[in-house]
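Both complexes below contain chain A, partnered by chain B and then by chain C.
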Partner chain A sequence: MNIVVLVKMVPDTESRLEIVDGKVNESGFKYMVNPYDEFAVEQAVQFKEAGGGKVTLVALFSNETSIDTDLRKMMAIGADEAIVLRQEDYRGDRPSSNAKVLSNAIKEINADLIIGGVQGIDYYQGATGPMVAHMLGIPHISGVTNLELNGDKFTAKRQIEGGLQVIECSSPVLITCQKDMTKVRFPALKDIMMSKRKPFENREVSVDESNDVQTDECSLPPARAGGMIIEGDSAEEKVTKLIEKLKTEAKVL
Partner chain B sequence: MSTVIVIGEVDGSNVKDVSQQVAAVAAGMGDVVGIIMGKNISEPAMKLATSKIVIVDDDSLENYDPVKFTSIVSQVVEQTGATKVLMGATTMGKDLGPRLAADLDWGYLGDCLEAGNDGFVRPNFAGKVLAKSNPSDPVVVSIRNNAYPAGESWSGTVENFKGDIPNSSLTTTSIEKIGAGTVELTEASIVVSGGRGLESSENYDEHIRPLANAMGAAAGASRAIVDAGWVPHSQQVGQTGKTVTPDLYIAIGISGAIQHL
Partner chain C sequence: MDPFHEYYGIPWYAILGLWSFIAIGLHVYQVGFIVKLIRLGKDDDRFNSWKQRMKEFLTDWLGQRKVVEDKLAGYAHALIFWGFLMLVSDVIDLGTGGLFVKLLEEIHLANIWNLIVDIGYTMAGIGILFALYRRLIVRPEKLKGASMEGILILFAILGIVLTSFIVEAGYMIGEDDMNNWEPIGVLFAKQMEGIDSTTLGLIIDASYWIHMILIGGFLIEIPQTKHSHLIGTIPNVMFQDHDAMGTMNPMQMDENDVAVKTDDLDFDNLTLGVNKFEDFTWRQLSDGWACTACARCQDVCPAYNSGKNLNPMQIIMDVKNYGKEHGSLLLAGEEPPETMVERFTPDAIWACTTCYACVDACPVHIEHVPKLTDARRHLVMEASDFPEELQNLFNNLERNSNPWGMGAHTRADWAEGLDLKIGEPAEYLFYVGCAGSFDDRNKKVSRATAKLLKEAGVDFSILGEMEMCNGDPARRAGNEFLFQMMAEMNVENMNSLGTLKVITACPHCFHTIGKEYEKYGGKYEVYHHSQVLNDLRQKGKLEINKFEDKVTFHDPCYLGRIGGETEAPREALGGDLIEMERHGEKSFCCGGGGARVWMEEDADKRVNEIRAKEAAKTDADCVAVGCPFCMTMMSDGLKEIGDGKPVKDISEIMLENLNKEEA
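On to the complex of A and B.
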């Protein structure tokens, strides 16, 4: 099976979020592979190990920041090759434009399965996956917590309000992974060494025209008002007071 | 006046509360056309709080399917000349919104906290940054539950969808109910959540679950203990988990992450 994994680079969670003139100051950001995309890499490699095939990582990222070490880690997990689309003035909050660039690159790969994370932990739109699927003219299933392959048929489970939707489909299909899907392995030293010899291609691409919405202004959420600390001599007394307040003042019980 | 489409969702014999909230928001933006898609949904669909309702009731629409639903809404956009499509940020809305935006080649704003004529506010970086925008071009928007009061249903005009429903290679074979007997987090009026301060998964099972049961509440969890494997991701509350909108939220052993305040 020919599998493409969509990998996004996102600011790591320790990045300091500071607003300057209504914009997030991104100058100090360090980048990492979006954690949801790691589940996708792991799942793709498991399918390859079970049934053969090839796993190609496709990433779109700035042409100024290094990505090699991060993608080599994904190749140590078992991905076979990487195609990095390098863009001047790349932005992670242009899902439509980014999906156009990605789908153009993926078209020529003729993938049976395209898989990625359900959302980036930067802008949380969950948009790029479904958009890429639409542009390639294939269906998508988002937020999948369990994906199985029997013969040439996929069975995906996706959490919906009050249950799990079980969906069957044939390839090609685009899947986005929710957290519970797989456990990402720690690669063995041998695989880490091997990963350094795997094909790694950088390609310059331009920004595609799109109707992505531009953010006018960013701000930090307002600080919350102070809470109330309930005093008392014993836990029983404090709980009694709390329940009283919840009943008479907050009226939630 | 511009036309705004609201995609509503039905839950049993009613329209979902979040859909009515979106309808109320849309009412301030232009002439509102509601769409409800599904199987045997004609009766409840009429309760959607929009002046015009397009009903798409078909056996093939029993379960949400991104390919079919995208095509139907696009056809209604074309028929009405709408320039905005609004929906609730449900599991369906968050899945359908971006695909529809791609089909229409419009902008997309997902999971908005605020929506109105002054623009839209959505969370970035796990809600640590709020991003405001006010696009003048056509846009598809999903809006988070409980962001607004629900619109009251009224008697508008109702018509059946005239157009094509495409085939899709996706087949929903079943909906598995999970956690039978427990309260669904996203709909609970009381949520009891536990975090790393509980120190062990046994303490979660011994304290949080019984308390939630006793109060008729849903049991939630912080990201830390979901990552630690104490509870499944389906119980995670917060930016990367579920958005909860209870009247009472009890956080036990959770430090002050903004999602739990």
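On to the complex of A and C.
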């Protein structure tokens, strides 16, 4: 089976987050593979190990930052090759134009399965996957918690409010993975080293800016005020003070 | 009267010759088999520093330096050992029908030789009686469940001793003069006088043959049981480790004894860690046959004593038994059905805190810990099969260079408002370490240390965001590659500042940077903060009042036993300390070493509770520590057993007692 995994690079969750003029200041960010996409890589490799085929990673990212180490680790898990679409002024919050660039690149691969995370942990838009499916004219199942393959038929399970939805679909299809869809393995060092010999292509692409959403402004949640310790000699006194404060300061009573 | 005559028409020497041929033949055959097995191991060039090795051999092997640390068993053993060295030539004399002593008479050494042999048998006899007393009457806890083998052998060698005296006495009976150079022989002879000559002859003949049968039997038995230590300890003690305790070996070394850079590692021809018998070095394998099952390692092991599936002695037994059971397959170059790592079991491999108490306790220089850390290397880098918690640890170290995965840019936040030099050249580099940078409790220790250093006017800088984890957690957890990447980057950063002297409040940084970075191009003088603070105190640069609390100090393994520093922290504290029963180099681990602090531990098998109980038993008001992980483990342990003693770092106690007026 020919599988394409969509991999997004997102800022490390522990990176320093600063907003300058309503925009996220990305200088000094460290990047990592979007954790939801790691489930997709693992799932794809499991299908390949069970039934043969090839797993190709496709990522769209800025042409300034190196991501070799991160993608090599995904290849150490078992992906066979990587295509990185390098873009000047890449932004992670333009799902429509990013999907267009991605689907143009994927088209020629003729994948039986395109799989990626349900959303990026940078902007949580969850739109790129379904848009790629739409542009390629194939069906998609999003937010899948369990995926099985029998012959060429996929059985996907989705958690919905108060229940479970089971969907069947034959290839080609695009799947986006929900958290904990599968357990991602830790590659052995030999596999990491061997992954250096796998094909890794950097391809320059341009930005398609026609008709996409624009992020207007970003802001940080207000800093939490510190707690308050109510002093008093007896429990009664403290309770009295607390009730007073709830009435006058917090105004909840 | 002597036993050297014909038996049913066959001369004694013919019978003895046949028996010797069988016994010696079987002995040599078995020893040869073992030698071939050990030679399957990889190279480990320890054939150097011969002068030092000879000295160590004389003190440790001949002098029984570490054996006698356990008084009863140790001195009993030493008596038997020295006794046998003195008497061993007697077997030549008995085997040649007295020709040997005649030869000695020619050169006037017979008398003195007789005396030495007599004393030897006597010493051995006394030693055996002590050992039997210990095994049959004292019966220490660890001997319960031990096989009968030990007792049987003691009786056998007691038999060797007693029969020799009888044969010796037999020579004298009927002679005009007793040989006073054999005083114990004379005693036996006097007891035997008056027995009729036929009976006497029978007794002497029987004694002689029992003596010879036992010796021959012993020769056959030696290679099969723990008595292989009679031979195995010789290479073990002679080729003991000359690297500082606790230093691990790089994956690959170049010809200049420097680690091959991570980028240049030859992965096609590199075995990562050990899995198979022949992955070990010959010296690691020889440990198996040097072990006497004295169980001293078992007594001091925190994992074993907290009920985990690790017994360091069993690990060593496993090496030997595996070799014995699969020896023919191994020598034929075939794969046995199980690997060494499977034999050890992953549970045992992951239970080790790398505290080195076992290695320190072993009288014959067996190296338990490297076997386990090498097995971890295999499990992590080759098999990718390890406790799940460690996956987080590795990811966190890779991404943010600290075990908790906190943002690397917040590393220097603890120093806010202290006005420290950050990333500037200075006389000392204060290497804070991850716990001191990210853990709230230990940040206070970093602040206390920095304040004291400033107070004393020490010129120092911190690395700030440039600092990374020293790599100890990755290394002890088997991710040697990650460790080496971190070591290489740290060395590059530290060298770029021209660092020569390093201060750290973490014994793991102290050990790794001080003793392990050299092979990665980083050569620094590394001090534990207690050493520097003590020095400042002694020179009067820090005026510290004597503390009033009663304090007990818990020695961190990587400072005390492994680091060899037990004085500075005590002198830095400066008051009257209450010592726990196990302290200094014999201190008991808090349970946090060997990356264990990041692994799950069953609630009923916690090492820190054992140690907390020991601290609670003292009537100290406060437990002093010198390690961030001891801080965490001891605080948690005391809380768990319901003891309210606060746990404080040395620097915090010093700062509390700083003479402010002077400053």
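We take it that the second predicted complex is superposed on the first by the 222 of 253 C-alpha atoms of A that agree within 3 Å, B and C clash if a C-alpha of one lies under 4 Å from a C-alpha of the other, contacts with A are read in each partner's own complex, and residues count from 1 in each chain.
As a convention for this text, a residue touches a chain if its C-beta (ideal position, glycine included) is under 8 Å from a C-beta of that chain, and two chains touch if they have at least 3 such contacts.
All of these numbers come straight from a predicted model, not from anything done at the bench.
Asks: Should the superposition on chain A be reported as showing a clash between chain B and chain C, or a fit?
Replies: fit
Asks: So, does A:Asp212 touch the first partner chain B, the second partner chain C, both, or neither?
Replies: first
Asks: Identify the partner contact of A:Gln125: answer first if only chain B is touched, second if only chain C is, both if each is, neither if none is.
Replies: Touch partner of A:Gln125: chain B, not chain C.
Asks: Which partner does A:Met193 reach: the first (chain B), the second (chain C), both, or neither?
Replies: second
Asks: Please indicate which partner A:Arg16 is in contact with in the superposed arrangement: first for chain B, second for chain C, both, or neither.
Replies: A:Arg16 contacts chain C only, not chain B.
Asks: Based on the superposed arrangement, let me know which partner A:Asp180 touches: chain B (first), chain C (second), both, or neither?
Replies: first
Asks: Who touches more of chain A, chain B or chain C?
Replies: The partner that reaches more residues of chain A in the superposed model: B.
Asks: Looking at the overlay, does A:Cys169 come into contact with chain B only (first), chain C only (second), both, or neither?
Replies: first
Asks: Where does A:Lys30 make contact in the superposed view: on chain B (first), on chain C (second), on both, or on neither?
Replies: Second partner only.
Asks: Superposed on chain A, how close does chain B come to chain C by Cα atoms? Whole Å, please.
Replies: Least C-alpha distance: 9 Å.
Asks: With touch defined as at the start, can you tell me which chain C residues reach chain A in the complex?
Replies: Listed in rising order, the residues of chain C that touch chain A are 265, 267, 272, 380-384, 386, 391, 394, 399-400, 405-410, 481.
Asks: Contact residues on chain B for chain A in the complex?
Replies: Counting only chain B, the residues touching chain A are 11, 63-67, 70, 90-92, 94-95, 97-99, 101-103, 105-111, 119-120, 123-135, 137-139, 168-178, 184, 186-187, 189-190, 226, 232-234, 236, 239-240, 247-248, 258, 261.
Asks: Inside the complex, what are the residues of chain A that reach chain B?
Replies: Residue positions touching the partner: 11, 13, 17, 19, 24, 93, 95-96, 99, 119, 121-131, 133-135, 139-143, 145, 155, 157-170, 173, 178-180, 210-221, 224, 246, 250, 252-253.
Asks: Tell me, which parts of chain A touch chain C in their complex?
Replies: 12, 14-16, 28, 30, 32, 185-194
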